[in-house]
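Next come two complexes built around subunit A: one with subunit B, the other with subunit C.
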Partner chain A sequence: MSKFAAGKGFAVTALVAAMSFSGMATAGVTDKDILNDQATTGDVVSNGLGLRGQRYSPLKAVNTDTVKDLKAVWSFSFGGEKQRGQESQPMVKDGVMYVTGSYSRVFAIDVKTGEELWQYDARLPDGIMPCCDVINRGVALYGDLVIFGTLDAKLVALNKDTGKVKWKKKVGDYKAGYSLTAAPIVVKGKVITGVSGGEFGIVGKVEAYDAKTGKIAWTRPTVEGHMGYIWKDGKKTENGISGGKPGQTWPGDLWKTGGAATWLGGTYDPDVDLLFFGTGNPAPWNSHLRPGDNLFSSSRLAIDPDTGKIVWHFQTTPNDGWDFDGVNELISFDYNDGGKTVKAAATADRNGFMYVLNRESGDFIRGFPFVDEISWASGLDKNGRPIYIDSNRPGNPAAATDGKKGKAIRAVPSFLGGKNWMPMAYSQDTGLFYVPSNEWAMDIWNEPVSYKKGAAYLGAGFTIHPTNEEYIGVLRAMDPKSGKEVWRYKNYAPLWGGVLATAGNLVFMGNPEGYLMAFDAKNGEMKYKFNTGSGIVGSPITWEMDGEQYVSVVSGWGGAVPLWGGEVAKRVKHLNQGGSVWTFKLPKEDS
Partner chain B sequence: MTKCKLLILLLSSCLAFAGQVHARYYDDVISSGYIAIGLYKNFPPYSFEQNGQPAGVDVEIGKRIAAKLGVEFRPHWITPDENLDDDLRNNVWKGHYLDKDEEQPLAMKKLADVMMRVPYDREFAFRRESTGEMAHEQVVMFGPYQRESWRITFDGRKLDEVSTVAVFQYHPIGVEIDSLPAFYLTAAFGGRMRDNARHFMNVAEAFEAMQNGKVDAVMGMRAEIDWQLFKANDPNYRIGENGFPMMGKQKWDLGMAIKSTYRQLGYTVEEVVDQMIRSGEMAKVYGQYGLTYELPGLYQEVQ
Partner chain C sequence: MKITTILTLCLSLMLSAGLQANPQTDPLNSVMWDYNRQIFLGNKAEYVFDDRIKVGVPAFAEDPTQVPLDIDATALTGRIERIVSWADLNPIQHIFTYYPHSDVLPKISLRIKVQQATAVRAAVLTTDGVWHIGSSWLEATGGGCTTPSVGNADPYWESHLGETKSRVFKGAQSSRYKFRVIHPMDTGLVGSIPEFFIQQVELRDDSGSALARMELSPPVSENPVITFDLRTTDAQHHLWLRDNNGNEFEKAL
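Let's look at the complex of A and B:
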């Protein structure tokens, strides 16, 4: 296999790609493959099953009638000691599955047998302190390359047949606090990536690299005041300051270290030719230190994929004080409004509100809560800006300087969000969004008895607690036109995995208890569940091979939830770690 | 009174849950021939590398501990995490989750036998989680050896004096990002000093900015400021006479930490450090780096 691959250059790849029109698809993922991913059921070549991120498949062999017979065909273990949090979405192309494991590992698996073809382990430097745990959310495919981000903030491109490194680029300096955990996307031959980072003074950015060579094309900082750059004929050229100039929505020099990390990656819509990337919370954490809107933190940005210019922005939580990252995916979809097609996009934010925007202009169409309780805002104004309840903003550190514990504020949702990173799905059949959400609150206070690096410090003390005895997680079917919840499924542990909708009238999702579950997309009735042996925090996929529909999901408990103590820990501390991919199909006679 | 405090601390730790990882007991340390001293990496004047060799006051203390035990001194460099709780977990009792040895999956995680520069604060040591559990039951924090505080240095050519922090409504001042001085200057007095707070990755960079005329003053830990002044050896840079009104923690003590199951090692280490303080050697070590030495509270009360 690898010998054959060694002699294969770009020309052959292009030729093979051209041949794929005649139904002889064998190798090489093209831009066209990626753009059509949602419609082509034979492969999964993009994060989100299509760059819009709808996570919808037109396959229907597995449906509300047949799903009860779904059987596991193989399970593949990631092995080793490294079993912490598997948040990956697998990709499938030409009979091979490409999936990442925690600790920056990539596996290529023969989908017919579940046998390993190759494994790549990134060699991570000593003393690395990644901000955001050791998870990885998946690869991008392009040509004969498998591209992914590492914990030490590098983009690595591997040969799809051998797993050998073809190119490697540093996106950020891990010593300064940068890391990469999101799945990159490929748009018009460019790999587009965000960056992760803690609150050590990083500045978020979105970058584009030539997918074939790894050469940088443009970089766009996500904090007002920082210069963007574009490379023309290999020459670095100034490309406009994000937001025009510094100091408009930030006090002092805080814009220089403003945060707004783009840690969850983004989506793309070819209709309007825009990238959609979300940004994290502003730094420093306490909002009283930085009065102002703090652009472009906690926002969705629409970026021109050719130039890296910000076309529009929508800020969900201006002057965020609750750690409400604005990174959650913005999913493009069209709907009919009185005979007119609306080019919309929807996102369910950490802050508890779901937003429907005009994806051409970024204009606010409507917004509504998707969680049962929101304590920090009484609603949204006509532009979608939250109407704050000032008494529920975490305290000013200046008020806690007497050395006593500051006043505790009860904030709902907790900083882990009404919805965290786990992607929702949109069904073209029901017109509903399936939103994996959590009902939890936090008490938060200024903690003067706190130390950092041998120095007195003023930390934030907090504790997260469930708002209901019976459940934290809620999978909701939300109508983006009415803002109404159509059905809900309640889960004891918090939900932390992605959702998949199919034309078989099904919605798939995993839970921390280990079950892969399938629900009737119209009424939420559970039609199937199977225990994968460890908690599911990854995103399921489905595809078709030799006339049969397959479903795959990664299993392996971890991610951010078990990192926090308090009452929530009691619900999850018995859950065991793991690291495997499960693949399912219907027995022959059913399909 | 203070002795009693110490006793309570040690007693409670002996009742604490014993960890499941193989401990480096006193005997293990002696028979292995070395002791791993936990030191913050690149953190002058406490612990850093100078000409490729470990240097700084914490290194000096660590070397003396090793010498007294008759074992080799081995630095265990600590990359600081977000707060002390994380550093204790990563370096003293549990180990870091990235510290995995593929070749020897059963190998123990690399831990410090003794970690330096751990605040000695009763309230911190006995903090309880919201669930009622002891937050730091896995470690013993002991052996205070220095009292630390805040200090401002300023450029005498830009400012005649710093008698109160009010001058920083008008003069730019450098601070380390995400530190208490940063919070203080951006939040205190209704944020009136906020626009003049300039943020740097560390005190050394802030001091350099002052030398380049970009800021008029720098605020940091006393020893960090002293060290910069000692190195610069330039009379233009002076020490502020000001206080820090409305600042919660003005002074705090630094000691050490060991895993709660290594008490015998802790006693021995404590004896060495106590001897250093009483004999005046500790003050000499600090003096060597040009630093003010203030006795920890426990010793101040005894005197």
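Let's look at the complex of A and C:
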């Protein structure tokens, strides 16, 4: 930075000099730090507390006995007039927290005091097109860089000490509907990102960039028929068409605007050396326009991190007609089956089914509903493909007498999903998945639509209804071996925040009513709650500093529910916006 | 011993340059002189007020968001290391820091924003370690730094960001480059509009090395218009710009 950057800048310079001096012992975040993140409790350097995305911490100072004493130590406001949904997962490294806010903002905070060290506000054009609120889900850390995606579809790398831009790359054209909201991940020195924009007829893709320089390494489209590319010594080389060739599972030209956005980012498992990315709904929503399976929409893709090739895929909702936008995270875990270790992975889909897959091959092991009602399928066949109930697919507008509106049907779950973006957690102690889910239905009908760059590309109308008066949100403990629900916690408003499991036999989660809550992981008994002042739609973390365990979570109501929620709006319209990060610990015992 | 050397040096400089009677007193008597001097020159830097440094401003800032500023240090003998310019009473004082190559004339023109009537400074550091200070008083009604950029009322800049218009004026012994680049240059002092400004400007020759290097701050006006003067008339140059969001722009002149 400039030595003479204004009066305020001068003070910052001195501070930065002091910080970089004290930080000289550390070389920044390495690939090893990221791979060991789950085991190293002194920091959080990956989204999901480990690239497998288990959101499980071995810390246990805060446990079912002590959690009642948990106290807030500081709260940091994101400030400004910009609030809206705060869906970030903070990261912590060497005493500094890196957390994102709405409108593509990044904050670096001294975790001892809650004081701001720097802030980066991306200057966004007015023309950005986020479908589902101006949120961001967090940063990636690598070396001395803090890397995040912006709402105008840029990947930005900031210096961790100053917040100054080191490199910046355009991932997609925001005028065509591309944006970035997910936290990128770093695997083998490459920063891997997906894209958002499935409601605008974009073409989903996964891309890898050299994390240090921002140079592109490969790009993999997630719609059948599009060419992938790899860069070798700076030269762009063809790297195979996704799915082999166009026109196999899509009619006509629809694959050219096929959606399948990779908007939630991905996970990685070093045992099998594969990236796992979910893909969203095919575009448009009206499924009668695109008979066929519409690969690779509503799927889980296993991608080789070195080449960007698709190794296997598993499609949860072929020819989706309900916006079962199945990007949901695939979490790697091992379990014992008659003395044999199974390398498995689990995912709880928007469509209401939870799937356990073999993560080496993508083979279906088992699947089961995790919501109370599923109206559109009677079950899954032996390969995990849904057995459709044809009368519960929204009707074809072309078959209607006026040709304008197809037959409306009631579908459960609603398009906001049995589970939406909010990540579940897996406890290595209980062997259970803790799934934040919602019980809601929708009326949905199809309408004619054609593609226009930068315009919504849905071809559907809809409205969401709660299915009962008592609750929408349900936090469920699911056994991946039996498919049984072990316990549930019911919440009046829909759940929209991530989950954290710890070795202290606890499960942490926030709710839109503003409470950070902790449950007994074995039986679901609520052991703690604290109101953070605005709704929680972010993902909690825990880490250790100076021998004490800390818990942090962002607070700030928003996301897709208030924008798309239909009748559900009644349950959430009194919830106020916010924008802050809260940090908790146990009081220090007097010696 | 060291102090004696410096004193001797100062004295000899003052004598040789024929400076004002008391070079340490701010001729504009600004309350912010000492504060800014310490920030931009450092606490112990040697400096002199020097009439050879011309700071050209209009008598009155008709439009406080676009005030022409011309700085000319060509009367100074000796190699120049850098030029730092600031406005004493702006909320963000620093305007630019300029590192001219010996092939470039030490003069520059651009437009700035002012928040109120203020002293405008140019501090020129010569290789002997002495800062030569030029100053001018600018009358203004103010508000230039806390008014939203014009671009904010119109999405035009979004699709034209970094577009540059330039002209070359060839003289007998020198050539002048003038360019205008589309950029909102937001100060960050307006609610809900984050700071967004061109931070680095470089005039590069064919081999890519910089002839002139500037670091800008948000008081440089929206859609900056900047003029460089070169001693050469033949070489090919291009302009490289980078803003604080990391956007880079390049343009052949």
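The rule we apply is simple: the second predicted complex is superposed on the first by the 537 of 591 C-alpha atoms of A that agree within 3 Å, B and C clash if a C-alpha of one lies under 4 Å from a C-alpha of the other, contacts with A are read in each partner's own complex, and residues count from 1 in each chain.
The rule is simple: a contact is a pair of C-beta atoms (placed from the backbone, for glycine too) under 8 Å apart; a residue touches a chain by one contact, two chains touch by 3 or more.
It should be emphasised that the depicted structure is a prediction, and the values quoted were computed from it without experimental measurement.
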Practice item. With the two complexes superposed on chain A, say which partner A:Gly198 touches: subunit B (first), subunit C (second), both, or neither. Key: first
Check your understanding: Is A:Leu254 contacted by the first partner subunit B, the second partner subunit C, both or neither?
Key -> first
Revision key, fill the gap. In this superposition, the partner of subunit A with more touched residues, subunit B or subunit C, is B
Check your understanding: Where does A:Glu567 make contact in the superposed view: on subunit B (first), on subunit C (second), on both, or on neither?
Key -> first
Practice item. For A:Lys82, decide between first (touching subunit B), second (touching subunit C), both and neither. Key: both
Exercise for review: Based on the superposed arrangement, let me know which partner A:Trp167 touches: subunit B (first), subunit C (second), both, or neither?
Suggested key: second
Practice item. Scan A:Gly127 for contacts with subunit B and subunit C and give back first, second, both or neither. Key: both
Exercise for review: Based on the superposed arrangement, let me know which partner A:Tyr451 touches: subunit B (first), subunit C (second), both, or neither?
Suggested key: first
Practice item. Mind sorting out which residues of subunit A both subunit B and subunit C touch, each in its own complex? Key: 80-82, 121, 127
Check your understanding: Hey, which residues of subunit A end up touching subunit B in the complex?
Key -> 80-82, 84, 103, 121, 124, 127-130, 134, 151, 176, 198-201, 251-254, 256-257, 283-284, 286, 288-291, 396-398, 400-403, 443, 448-459, 463, 565-567, 569-570
Practice item. Could you please specify the touching residues of subunit A with respect to subunit C in the complex? Key: 2-10, 80-82, 105, 121-123, 125-127, 156, 164-168, 175
Point to revise | Footprint of subunit A on subunit C - complex, ascending | key: 35-36, 39-40, 84, 92-94, 97, 155, 158-159, 184, 186, 188, 191-196, 199, 215, 217, 244-247
Study note, to complete from the structure: Within their complex, subunit B touches subunit A through residues 40-41, 43, 46, 77, 79-84, 87, 97-98, 100, 102, 105, 117-119, 121, 123-124, 127, 129-131, 148, 177-180, 182-184, 186-191, 194-199, 201, 221, 246-249, 252, 254
